[in-house]
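Look at the two complexes coming up: chain A is in both, with chain B in one and chain C in the other.
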Partner chain A sequence: MSRAVGLHLGVIAALLALQFVLPAYHHGVLARVMVMAVFAMGYNVMFGYTGLLSLGHAMFFAAGMYGMGLAMKQWDVPLVPAFLLGIAAAFLLALVVGVLALRTAGVAFMIVTLMFSQSLFLAILHFGAITRGDEGFALARSLRQVAGLDLAAPATRYFAAWGLFSVVLLGTLALVRSRRGRVLVAIRENEERTRMLGYDVWRHKLMAVVVSGTICGAAGAAYGVLFGYVGASFSQVPYSIFPLLWVLLGGAGTVIGPFVGTLFMFYLIDLSSGLTDAYMLVVGVALVLLTLFLPRGLMGSLRDRGMKWLP
Partner chain B sequence: MDFGPHLLLAMLEGLVQASVLTLTALGLSLVFGVMRVVNVAHGEFFMLGAVLAWWITFLVGGPPALAFIVALLVAPLLVGTIAAAADWLVLRRIDYDPERTIVATIGLLYIIQQLTLMSYGPDARPVAPPFNTRLALPWFEFGSGGVQIYWPWGLSITSYKLFVIFAALLTGLALWAVMARSRLGLILRATQQDRETAQAFGVPVERVYALVFGLGAALAALGATLVVPIQQAHYLMGGDPLLLSFIVVIIGGLGSLRGTVVAAILIGMSDGIISVFFSPTLAKMLATLLVAMVLVFRPQGLFGSKPA
Partner chain C sequence: MAQQKTDGLIAPTRRAVLKGVAATGLATAMPGHLYGATDEPIRVGFQVHRTGIGASYGRWYDRTTTAAARVINEAGGINGRPLEIIAEDDGTDPKRGAEVLEKFANQHNCDIAYGTLFSHVVIGSAPRAAELKLPYFVVSEGHHVASGMLNRYTLQPGITDVKSQVQAMAPFVAANLGKKVTMIYPDFAFGHNHRDFFGDAIEKEGGQVVAKIAIPPTETSFTRYFPQIPRETEVIYHVMVGPAVLTFVKEMGEFFGPSSPEIFGFIDSLEAVDLATPGLEFLDGSFFWEGHPRYAQPDQTEYDKFYREQVGVDENGASVDDPRDVSTYSHMFACWETLHVIKDGMEAAGYKGPQDRAALIEAVEAMTDMPESRAHPQGPKIFNGKTHQVFGVQYISQVNGGRLDVKHVTSIEDGLYPDEVDYTTQPL
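Let's look at the complex of A and B:
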């Protein structure tokens, strides 16, 4: 077992152990952080490894969340198939958006993804009769049961979040260590040269968008199930910015970075909320300081300073 | 009101919106054209202009016309200075890398927005217009007795709205004169065409960038100052101008000032007209999707010549 695999298994084991010792408040925060870290890990596949900066990932999160929530609320689909439907919705959306948006590059790509995401938000508002618009809707506790387990209870919720987190963490680790993953990195480093070496750049990029969108959809669906709320705010611009921030903070292009960034940012906002209600100020300052002084993030800087094996 | 007068009214309202949008979008287009960076905080400079205009009229007091003139001069200047400082402190240090600039300006967006929330508060506040005479407009009808002229109830425009249109026109012409006829414009165009060669010819590129960034923000602030007597100042008002300016700059062709003006008038007018007759959410959604599609299938914009 290599150091890299050991480190990630160690993180997973530590999070499992923390379940039994954390006080109630931090227990709840960590469950939320793990789900959001899945969102960030999905974002990282595109941004960190393939070099595609999207400003519209809220749409995938929201597609997963609404796919799951509407299936349960409108058509009385049971939880597990509804969850899968949410993921399928995000997968389809990512496929369509990928095919269209990948015709552009650079700044145009960012703006196109931003606009597709904004259109989804406006569509959610427009079809308010079904989606309940701005207000969103809650999922009753009775709906959030699976195989006799109550997903609204703190302990099962933590386990469910941990399970999803572990699967995605090991999945992205396997992806970036695979041949396909290496091609993604090659595209990030030099697209022309990768094409010249005979790789189908467009197909690999599309794969990255679809994998990324699907993971983010899973995060959205899980968030809806575990915390019982589906709302339009999750499809708005800040939720496209958050994963970017978390990934940048933790270290783009590192497997563990998104989790570190999410954890760090959650507690930073938590601590600052004692000082001010305007928590987005902390987000703004963090973004500016990161681009200025720590462009490679926490884990990226560690990798630069000796931990070369960090995937 | 009949359809005809109603349409004329919608077009006049659209023209006022288009004027403000032209100024805001010109600012964004100028920054993109010369510096090749996208300023995501542009909408917040717009908002800052509106909020500062409120502060200034509040502090100056006296007759509304005097306070408003002071605001019209000072607010864009202040916003421009703030933007130039932000450029000098942040963007210059990351060497105008396109992606990092976007992230940094997103950061600026939230900093400006939240600082405004903390100081100015969550309320929307109006600024008194300097003059506001209601001017009734005539309408023609072809009846049995030939052409008739009458004055439909409700068909009117205020003198202030006419002033907004006029001021935007004047600013646009002044900007064109500077860009096309002055030495400063020459320097700006040189920097736009080739940064390195311009530098080799002694153009202080870094200072030019700070100036352009400030000028772009000042144009947005000017548009906002003009609009506060019609629309109130609020800390979240920057979102719509940002999105609309993006749309305008893309449709007009990235970096083309002439295209920006044409697109701003087109989009401002149609936005005004559509939102009078249709649900605004649906209109916005379709417009956003349409623009995304334009960018996907025609990345150089409708009027741009070179691929972006």
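Let's look at the complex of A and C:
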């Protein structure tokens, strides 16, 4: 087993062990952080490994969340098929957005993804009779049961979040170490050269968009199921910026970086808000300092300073 | 106090009397209040919008909460224990709102959570409140509580909901302003609530909505919407909110000039905004719903006067320290009233700690009449324990020279509607 695989399995094992020792508050926090880290890991596939900077990833998170939530609420679909429908909704959206947005590049690509995301947000508001608009809707605890397990119970919720996190972490690791994953990195480093070497760049980019969007959709569906809320705020611009920040903080183009960045950002906000009302200023200063002194993020900097094997 | 039983009577000893006198003297010398044997505070987690879109409301909710807690503590606290407010900013974000509730329950060891205004934060947080078995007293005016969407741990005993408010306006509008109404509202849930609830209510009064003009929330100019207003319109009903509202009013004034239909709006549009702001002159003579009259009225009650003084609001509804800092007067009274309901509920339940949370909810569910008083300065109310929603009077005011004068006070009955849920059937 390589060091890289060992590290990631170790993280998964450590998170499993923490389930039994963490105090109640941090236990709940970690469950939520793992779900949001899945969102960040999805974003990282496209941004960190393929070099495609999207400003609209909230749409995939929201597609998964609403695909799942509306299926359960409007059509009484049971939890597991509803969860899969959420993922399927994100997959389809990613496919359509990918086909259209990849006709552009650079700044235009950023703007197009932002506009698609805003369109989804406005559509959620417009069809308020079904979606409950900006207020969103709660999912009753009775709906969040599967095979006798109550996903609203702390331990079950933690295990479910941990399971999804583990699958996506190992899946992402496998992807970036695969031949296709290396092509994505090649596209990020030099798209023209990759094309010249005979690779179908457009198809690989589309694959990255679809994989990324689908993972983000799984995170959105999981959030709705585990925390009982489906709402339009998750499709707004801040939720397109958050995964970018988490990935940059943790280390773009590192598999474990998105989790580290998500965890770091959560506690930075949580702890600083306990110290001062001006906590967003503290967060802003911390982010500026990190960008100045660790421009490749926490894990990216570790890779630069000795851990060259870090995928 | 040591006591000695004599011939069936309880007679204190001389030493005990001296100790008692000394203790009373000490307590009298203490500033403010005397608490009971256990001075462990009742900890109320205050989920406050300090940042994000709700910040202007949150600032005043914060001040009102601080004032109410001080007044309650000066009167002896709750069951003889001081009330401690633990405030956490939720960023007006439902995800952070849920996290804040977890923090209250599992880190700050709060007895209850309280204080949320924006509906999406309430709906995003309420499932966690039920899972944590943390009583959650919201101050939101959304219909989400009474609609049955939430759960037994979420209650709204301090402010009426939008369905009740809107329904209570229809009789006045139909009788005094006109029966053919054009509604202009933002194209999101807040606007849709008005569209749906008012449409039904005005029809019951023999009126009709002749046009419904939904405006996307991203809109910054409104001139292209005004030509959609039918000529037959007798009343324009507007509920625009957000920073573009000043532009909306200004452009509406330019469109109509001096000959406009009657105009009726909800003060939500102009909460925390000075009515003397340039551009708002067009609203002179128009009518507004007010939850609680911003300007002190000639018949101001002693209760409103006391409340206004304690919170630090002048007779124009602005901060006594800064006349430019206009309050959110139509909503923030609900923080004051909700904290007093919590106090009454805890005292009725004999609340001692988190083990009595279920008893607290049952005690609040058992409440009915809430007479106008210092605890309820906005007016009398009736609480519906089944739907967890309070009902009360509403005010209709007219803009007159840059201030609002109350023209009509609705009855509580005007805002009643059939129950849509019975939360008491849900397990605690």
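In this section, the second predicted complex is superposed on the first by the 292 of 311 C-alpha atoms of A that agree within 3 Å, B and C clash if a C-alpha of one lies under 4 Å from a C-alpha of the other, contacts with A are read in each partner's own complex, and residues count from 1 in each chain.
The rule is simple: contacts are C-beta pairs under 8 Å (C-beta built on N, C-alpha and C of every residue); 3 or more make two chains touch, one makes a residue touch a chain.
Quick caveat: nothing in here was measured; it's all calculated off a predicted structure.
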item	value
First (chain B), second (chain C), both or neither touched by A:L206	neither
Partner chain(s) touched by A:L84 [first = chain B, second = chain C, both, neither]	neither
Which of chain B and chain C A:G231 touches, first, second, both or neither	second
Partner chain in contact with A:P23 - chain B first, chain C second, else both or neither	second
Which of chain B and chain C A:M280 touches, first, second, both or neither	both
Contacts of A:A101 with chain B and chain C, given as first, second, both or neither	first
Touched partner set for A:H126, first chain B, second chain C, both or neither	both
Partner chain in contact with A:I12 - chain B first, chain C second, else both or neither	neither
Intersection of the chain A residues that touch chain B with those that touch chain C	118, 122, 125-126, 280
Interface residues, chain C side, partner chain A - complex	50-51, 88-89, 93-95, 98-99, 102-103, 105-107, 119-120, 123-124, 126-128, 130-131, 142, 144, 149-151, 187-190, 192, 216-218
Of chain A, residues touching chain B in the complex	53, 55, 100-101, 103-104, 106-108, 110-112, 115-116, 118-119, 122-123, 125-126, 237, 241, 244, 248, 276, 278, 280-281, 283-292, 295
Residues on chain B engaged by chain A in the complex (per definition of touch)	38, 90, 93-94, 98-100, 102-104, 106-115, 117-118, 239, 243, 246, 250, 279, 281-282, 284-285, 288-289, 291-293, 295-297, 299, 308
Interfacial residue positions of chain A with respect to chain C in the complex	23-25, 28-29, 32, 118, 122, 125-126, 128-129, 132-141, 152-153, 227-229, 231-234, 238, 270, 273, 277, 279-280
